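Think of it as A, B and C in the order they're written, each chain with its own count starting at 1.
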Amino acid sequence: MVLTTTPTAARRVPDREGARGRTAPVLLLTAGVVVLLSLASLAVGARSVPTSTVLEALTHYDPTSTDQLVVVTSRLPRTVLGLLVGAALGLAGCAMQGVTRNPLADPGILGVNGGAALAIVLGISVFGVTDAAGYVWFAFGGAAVASVLVYTVAALGREGATPVKLALAGAALTAFFGAITTALLLRDQQAFDQFRFWQVGSLNGRDLGVTAAVLPFLVVGGLLALVLGRGLNTLALGDDVARGLGARVGLIRVATALAVVLLCGAATAAAGPVGFVGLTIPHVARALVGTDYRRILPTSMLLGPVLLLTADVVGRVIARPGEVQVAIVTALLGAPVFVVLVRRHRLAGL
Amino acid sequence: MSETRPLVEGAPDARPHRLETQGLVLSYGDRPVVDDLSVTIPDGRITVIVGANGCGKSTLLRGMARLVRPVRGAVLLDGKSVHDTPSKEVARVLGLLPQAPVAPEGITVTDLVGRGRYPHQGWFRQWGAADDEAVAHALAATGTTELADRRIEDMSGGQRQRVWIAMALAQETDLLLLDEPTTYLDLSHQVDVLDLLTDLNRERGTTIVVVMHDLNLACRYADHMIAMAEGAVAAEGPPSEVVTPELVQRVFGLESLVVADPVSQTPTVVPIGRHHCAERV
Amino acid sequence: MTAYAPSAASRTSGIARVGVRSVRRVRRHARTRSTTVCLGLVVALVVVAGAGLVLGDFPLTLDQLVATLLGQGTTASSFIVLGLRLPRVLTGLLVGVCFGLSGTTFQNLLRNPLASPDIIGISYGASAGGVLAILLLGWTGMAVSGAALGGALVSAGLIYALAWRGGLSGYRFVLVGVGVSALMLAVVDYLMTRADVYEATAALVWLTGSLNGSSATQLEPLALACLVLVPLTLLSGRALLVLQLGDDVAASVGLRVEAARLVAIVLGVMLAAVATAAAGPVGFVAFVAGPIAKRLTRGSGPSLVPAALVGAVVVVLSDVAGQHLLPVELPVGVVTAAVGAPYLLWLLVRSNRAGVGG
């Protein structure tokens, strides 16, 4: 979660040749992979369900078949959630990197995770909330409040919310909320016992009700992010040049922050904190389709679920009959990829 | 690449020199930036290296100051390769002022200049009277004594550059290399800095090598000029012999007229562009 | 012998003497300021340490304390002061010194006030090692410290190896640190969700950074390590001064840049590892000690001794506050984060300069 700005990342002109032609096939291919992974997610688990049964369950649902029951009640919700959370984090990460012009920006820097965690702990210890559906509202509220605080603090002063100030404010508030959270947890062991499981992002135990609760925020945030493509392209040229071209820099920043909060807050509220998706997906997307944000955003939106669903499936497979939470697997998969990217100078601006 | 090398006074090896390169090849990645270059830097003179952007002049300077490891060839200081000599030993004889150096926040002039004393100090030789004197002399030479307790960031570009030169001076070296010391300065400050370097050379015999962009100032101040193009030497020698319209065309791709500077009688390059050309005689 | 030879006339001239006097005056002024700050910090440290020795369930008066320290106290006060409180205060002091030095070394080396060991992943490695020992191997006490030390060294080695590519760029080091710390964090997360709640709570306490359970036996290895590491770090200060000016300038004044950087990193890592082994990953100390020291001394160098002292004061003060001054007892790590974060925010709000932290 360290952030240092890279001025050189600002001077990037969207490349036209080749990338434009590549985008459509890449998107189609990725979409295809997503569909396959979704099927895998429905079929794989502690109990292997053959693909034909999966398709049956989706088309002619028969509640008396145990296999189909598992597919529809347990795996379908988590697959759907995985798709949405993956897409949301991919988009949010891309938008965050665009607005901060920083290849290290993770949507979590806005303090989303810290605020959500504190709110959850308060929910558990003060209000006695115990299930995912209850967590959602607290987490989202906490995330929203934290991000607003971070953005406000960072926006104080002459230059407004510059990338560096956002990073520092986010780090400070996350640490502060963390201290309070830890203090509360140390005094309430029962709350800790519940919280430590939420703390590690997972798709387990979240039914479609949870998904439905966050769906509106995800949709609004997603649409907002997708239309920011042009604005982010202009912002990539540097604040001064962007203003010279007539872009409303402040407005683009606020709109992006809003989109990120909606997407990331909702994703974290539903599944808990999941790292690395927002950080690495935009880089992979950029490597595939070039530097035009109008292309990177939709690509990230499709690549996010690829990583997340893969991590979820792997997590279910490697520790049968138990599972390893998705956040752990994304870190295990994402961190080496990230390090490889750093070593090859593939990160924009390095 | 250099099919004609203009005459130089005497054969290059006959003039006294301490610093030279032999068949030096320097590259960034796989791309050779300096290609099989052999030059000698005349002792006790001011040498200016000029050339277009990307010709390798900065790289050559950094190679000579052992900041870049050569792929092939050698840089010899007093006959020994600089890479085989202990770093501090080299630093007592050869100093480099790099391009656009960055000073830490809040540093004072005296503090910064004092850090140039590093090669003369050690575990058992911390700060002493000789260091105080060296710093004082460096400040005096650059006319920055009154600024001794001021902070660098509060100064103008010209003052700041003089302070950096003072730091290089405090190192008390016989050879001083400077990478584009005048590039971001006002004209008056550029002249200031170059006059200062000339003082150093005339009064103390310091050998000076400067990389410069401004061809005309280079002509005025150089005793010896090295013009580079594409990683090799295009011409070297006294400016009056080196700077001709043909050379300017070859090295800079510019059509020009070369006349005598009315103030210093050194060559001045007058560019010929597409506009503002009076009737040619 | 140099060609630079100021003429006999100028050497003895009044102008030159004035110059030397002026230089000496400026240097003396800076030294005086630094010394004053250090003295002030030592006084503060003594006061806070005294509070740590005097306050508690069995409060002592000042003369009782002095008597006990001189070996003339009652058995009860001797036990409490010499057996319990003194080791704790001393541990806190040394931990603060180590974190302070480590933080300011990294911040200077990487030329970035955001770069402290807690952020670049060394502390996460120590955390992973410690949690692994507690939850997987069932170790306690010294063994956990050893595991934390091992974890820190392994992760630091991993970061260095992965970030090294014909040389070390500070930027790459930080980035790889982000990746490695995420891996370590994943390990910690995994273990925390597999253990039973009692073990997990013990791990949580350790992870927060706490001086509970400090004893003389634990203090010994920490003190020995400090005896070696602290002087070495102070000696590396000269190289750090020169490295601050950039790799090119540093190389041209004769510093062997890669070697010096490696030594500084090793020392910084060892300091953080040793401190984490003793007290767990106490957050923010490494991060704030350097900037606070810099502001106090108005210096531009790494200000190693002031940073060490600031670190010591912060840790001991936080521990005393966490134990006695708050309505509930809290471990030192919670207090440092709760206080360090607003400080960081204040820094942020106050600063108007572009490029701070970047």
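FYI, a residue touches a chain if its C-beta (ideal position, glycine included) is under 8 Å from a C-beta of that chain, and two chains touch if they have at least 3 such contacts.
Predicted model, so just to flag it, every value in this text is computed and none were measured.
Student: Determine the shape of the graph in which chains are vertices and touching pairs are edges (line, ring, star, complete, other).
Tutor: Graph shape here is a line: each chain touches the next, no loop.
Student: Closest chain to the protein CA centroid?
Tutor: When every chain is reduced to its C-alpha mean, the one closest to the whole-protein mean is C.
Student: Can you give the whole-Å distance between the Cα centres of chain A and chain C?
Tutor: Distance between chain centres: 34 Å.
Student: Averaging only over C-alpha atoms, locate the centres of chain A and chain B and give their separation in whole Å.
Tutor: Distance between chain centres: 52 Å.
Student: Averaging only over C-alpha atoms, locate the centres of chain B and chain C and give their separation in whole Å.
Tutor: Using C-alpha averages as centres, the distance is 42 Å.
Student: Which stretch or stretches of chain C touch chain B in the complex?
Tutor: Answer in residue numbers: 2-6, 10, 15-16, 18-20, 22-27, 29-30, 235, 238, 241-242, 244-246, 248-249, 251-256, 294, 298-301.
Student: In their complex, what parts of chain C are in touch with chain A?
Tutor: That would be residues 112, 114-115, 119-120, 162-163, 165, 171-172, 174-180, 182-183, 185-186, 189-190, 192-193, 197, 200-201, 204-205, 208, 283-284, 328, 330-331, 333-335, 337-338, 340-342, 344-345, 347-349, 351-352, 354-358 of chain C.
Student: Which stretch or stretches of chain B touch chain C in the complex?
Tutor: Residues 44, 62, 65-67, 87-92, 94-98, 101-108, 110-112, 114-116, 118-119, 121, 123, 127, 132-133, 135-137, 139-140, 145, 148-149, 169, 171-174, 204-206 of chain B touch chain C in their complex.
Student: Touching residues of chain A toward chain C in the complex: what are they?
Tutor: Where chain A meets chain C, its residues are 1-5, 104, 153-154, 156-159, 162-165, 167-169, 171-173, 175-176, 178-180, 182-183, 185-187, 189, 192-193, 196-197, 199-200, 275-276, 324-325, 327-328, 331-332, 334-336, 338-339, 342-343, 347, 350.
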